[in-house]
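The structure under discussion is supplied below as structure tokens; questions concerning it will follow.
A, B, C and D label the chains in the order they appear, each numbered from 1.
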Amino acid sequence: MKLKVGILGATGMVGQKFIELLSEHPWFKITSLAASERRIGKKYGEEVRWIVSQDVPKEVRDLELLPMDPKEFDADIVFSALPSDVAREVEKKFAEAGFVVASNASAYRMEEDVPLIIPEINADHLALIDVQKKNRGWDGFIVTNPNCTTIILTLTLKPLMDLGLREVNVATMQALSGAGYPGVASLDITDNIIPFIKGEEEKVESEPLKILGKLEGNKVRFADLKISASCHRVPVIDGHTEAVFARFDREVTVEEVREAFENFKPLDLPSSPEKLIIIREEADRPQPRLDRNAGRGMSVVVGRIRKDVSGIKYIVLGHNTVRGAAGASILNAELLVKEKII
Amino acid sequence: MKLKVGILGATGMVGQKFIELLSEHPWFKITSLAASERRIGKKYGEEVRWIVSQDVPKEVRDLELLPMDPKEFDADIVFSALPSDVAREVEKKFAEAGFVVASNASAYRMEEDVPLIIPEINADHLALIDVQKKNRGWDGFIVTNPNCTTIILTLTLKPLMDLGLREVNVATMQALSGAGYPGVASLDITDNIIPFIKGEEEKVESEPLKILGKLEGNKVRFADLKISASCHRVPVIDGHTEAVFARFDREVTVEEVREAFENFKPLDLPSSPEKLIIIREEADRPQPRLDRNAGRGMSVVVGRIRKDVSGIKYIVLGHNTVRGAAGASILNAELLVKEKII
Amino acid sequence: MKLKVGILGATGMVGQKFIELLSEHPWFKITSLAASERRIGKKYGEEVRWIVSQDVPKEVRDLELLPMDPKEFDADIVFSALPSDVAREVEKKFAEAGFVVASNASAYRMEEDVPLIIPEINADHLALIDVQKKNRGWDGFIVTNPNCTTIILTLTLKPLMDLGLREVNVATMQALSGAGYPGVASLDITDNIIPFIKGEEEKVESEPLKILGKLEGNKVRFADLKISASCHRVPVIDGHTEAVFARFDREVTVEEVREAFENFKPLDLPSSPEKLIIIREEADRPQPRLDRNAGRGMSVVVGRIRKDVSGIKYIVLGHNTVRGAAGASILNAELLVKEKII
Amino acid sequence: MKLKVGILGATGMVGQKFIELLSEHPWFKITSLAASERRIGKKYGEEVRWIVSQDVPKEVRDLELLPMDPKEFDADIVFSALPSDVAREVEKKFAEAGFVVASNASAYRMEEDVPLIIPEINADHLALIDVQKKNRGWDGFIVTNPNCTTIILTLTLKPLMDLGLREVNVATMQALSGAGYPGVASLDITDNIIPFIKGEEEKVESEPLKILGKLEGNKVRFADLKISASCHRVPVIDGHTEAVFARFDREVTVEEVREAFENFKPLDLPSSPEKLIIIREEADRPQPRLDRNAGRGMSVVVGRIRKDVSGIKYIVLGHNTVRGAAGASILNAELLVKEKII
């Protein structure tokens, strides 16, 4: 018996990715889809401008689009692909009404009593769920996953923490799909890059501190780490590439970093990749077009680990709408099921 | 009366840019063009695969391609757009034979007695010319300009030195034209980035130390600065974008940095731009397609100057084949003329 | 003394191109700019998302955006870069109020008493102006230029008419700028083409018949020519490329076609190119990036003229927002001045 | 028991696609790989610059590269991904030595006694094999598949023949992978199209006449059809798009064409797609990025079937290195097995 899941914001870029990933999921079955007001009552397959593959999956083609109203939803879990401002109101309504909300939106990520989860890193933060329900008097709850760039980066920072990681400079080259659809105008990005993504650097600089932080009583004590990010949009469809400069409390070797990455293991969940961090030995990898689908988009791929004047530098790449968005929320939901929280 | 100039490697990407810039130069007139052996004796206009504009400039269309032999050249200055391995032999022959060689190649850049010049920064290093001629017993001499990425970066580092600049992390997003022609395969870079450029990081990490160094007697004492670079190729035709993270000996404000950039003035040479460092105030600039031609490609454009956890970060962009290559060599030659060294 | 000109739809893609071309025009001076309602009263330089060059030209930066109201305009000529549905109402108001409206919009192009002009082809159709003013009781009048794809094509069809041109199949590869800004989403066009442009084929199949038609009394008798078009969007910033298959009443040679193209001469107006149809001899030209700026964007460039099983085929390329839009309207206005209609 | 297959030209673009498709083939097993001289004796996985997916398939990674010598090959079938000039000599040697050569090269396609096969269209032309063996005294034989653009086009022409197809104009927008690797330089195709592909139009205009021809005795009588092609390279990785203008002996309706397409059925071979011609109803399909993998790259996708002034026009798209190259050769080999010719 599969669990019933709904999607809020089902017609957008991330919404489509949720559908693509969930349409063949062993534990979950899509039953409810919501979109913006003007689409309500219409069939998903007729309303969506589907751009992530050849065809809208058959099982959702005829689903009628619902309003973002908990009473209309028949689901055990609700995935949210909403923009942050809408998410704030809507996710609250669903949590109040008793739904488990697995959200990719940024609205609640940094709230003290909301878990911001990367399952391989801080599954123990799920303890905040009880705090949240008590604090807010909700029947349900919200669990969030981080920003796409944060997830990809933080998966590599976690194993470095034990080596004394102290400070990170990261420059990103982010894919078009990260801006949603229609998103970036072709006239803005053809033969061009845009060295700015609104709100992105702030997220990348703060979210990892919470994820890598320690649960102490009812709170997360943020990790003692300094991050500075410079975020740029490049003409790549999927796959964020990040150039990381890491400094440590002590001298660290390339070999130690490589080992730390290799020893960082995936969980055993349906969406877990076989290998969490794939290290490429070629001089010119990872590359978005070749590596973004590694581990069906759920691995991150690292290359060019090398010493520099003050520490270690490397490149990390991940699929921004799979591991960095829809896949992240689904992995969170799988964790909740496994931990018997659902 | 214009000075006669020749170009070594005239059919390549940078060679074409030399021709484009020199074909309307007030001081210089192209008289000799050399290319690889199989092209010798043929007309430039028929041999070149011209890709930098609509048409090969009329004045060079019928020039016959010469061998790389000083005896065949009728020129006061020889510009070199040769690959490094070829440059080592050929530039030496020309310098021996009494030519002034203004080279864009990396072969001699880091030699102790060869000036590595950005005219606005270290014109005084031209004093090495006498040392070089004496050391090597050459009638002529070689003057070099830095690597494209180095020039663009170093033009912004120079004004920061007085603020106590101590360490730099820089991640670059470099244009296709930097790899020459045919250079990067379209199958490698469409919907992709390549996070590696052979030899580039080493150059960016070492050349600025020489340029920013102090001439002491017959030698340059390298600047006391640490640089770590991560270099990436992006699908942009012209214009290198660099994300710079700078650390200082002391607390530095955005305002100080901005002022330092604005106070850094161009020289008064034919190829000098009106403004050396253009600061854009928009959140999303500089962008290669919009800003690479600033100051006819001889300015660098800075944006997003902001404080971070350990210093200041900003974006700088410059035209890699103008300010970063052909234009750089030409500016060096103009300086030599102005300083009456030619 | 320059004539005063205004622009309707000044912030869009074509509006920006009007400003770029008019900001250094010898006869015209921009005095009035109108944009959509929410921008009224704001400064042009602050409201526009300028994407056609590095900077908004100084002379318009501080112009206050006006409503689309004839009473607010101080201008001798009004250029219209409006979308067709808005153009229908607004252009009428301006013509009624006595303005000369040189329109790039499609709204009035096919009306019987509205001249649809390519100055080098059918300047005599300006006689319709009197008919129009009389018919409609307007003080001013509307003169239109064709659709971008039509103009580029028809400039090559005109000289073929005397050779007995009977039928044309044309497949186009159209630039992104033709869709305006933001226009085509990067996610739709990266590593992709879109084989459809709404309404385009209909225009390309009908407008040339009027332009190439004969003025008979108060009417244009449409040319006896059959055109079938297939229109496609490609990832090119500027420059429409068109593959033309032409059939004639009789056997026609490549040499005759070449001669006909070469004998088709430009007018002597400020925006006229030196050469109207440039023929490239290279096997692989014309190419948008190399050839779109030929004649400052006002020439069309032809290549690969060759015989086929039923006639002649060739490639033609033109700058869609210069010769195909803003430049076309400006050329029309210059013609009106020269013909002393203004 | 799988048949043993070898690949000539295994490191190139089409060679890689052969390996990708064959590495999981139910009937075939890769046993021999040959590449150019300098690679002989080295491991495939170390020599290839693999660009078609994340990793070289495991089963070929350690295969040692062989010379193009029949004595070194242990295979029942040899697939050829050689350039035409090399193919002429090498394929002959293998056929002489008794191998079945399934070739994607153009060298032998138009020879009178060599079958040029699209299995769904002219499987009966395989009768030429006996003629070929007898004519040439070879123990083995060569079977060829058409040029990529030809295959995609001809799959749609076949069902139109019965409607009285008489003449075709076709303009193509061809993918980068069609030019091999490194192939098209990024500097040539970024923000650009190239309206020329050497030898392509000649192939597209002649090969379909043979494929659609009738076997009469020992010869193929070419189809009575006139084709004119204009071929263009566009910045798309995989997937050729073709705009077809078709004329008939009589009036033909859109409905008849649609029906003819739908009634054209695939064979029952391992690489056969479920549907041969997929008709998309959307106004803006087919698109290369969304549709090239239809039927695992073995279907062609048609859209925009519409009447025009002299017949019918439509768009057809296919995967140029699957249905148009490696997949075509493999389908031919499967046909040979099914027909018990192997």
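By our rule, a residue touches a chain if its C-beta (ideal position, glycine included) is under 8 Å from a C-beta of that chain, and two chains touch if they have at least 3 such contacts.
Please read these numbers as outputs of a predicted model, since none were measured by experiment.
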| item | value |
| --- | --- |
| Both-way neighbours, i.e. chains that touch chain D and touch chain A | B, C |
| Higher-contact pair (C-beta pairs counted), B-D versus C-D | C-D |
| Rounded Å distance between chain B and chain D, as computed from the means of their C-alpha atoms | 47 |
| Where chain C and chain D are represented by their mean Cα positions, the distance between them in whole Å | 41 |
| For chain C, residues contacting two or more additional chains | 51, 190-191, 235-237, 290 |
| Footprint of chain B on chain A - complex, ascending | 167, 169, 171, 173, 190-196, 198, 205, 226-228, 230, 232, 234-237, 241, 243, 245, 283-290, 303-304, 308-310, 313, 315 |
| Chain D-facing residues of chain B, complex | 13, 51, 176-177, 181-191, 235-237 |
| Chain B - residues contacting chain C, complex | 51, 53-54, 190-191, 290-291, 293-294 |
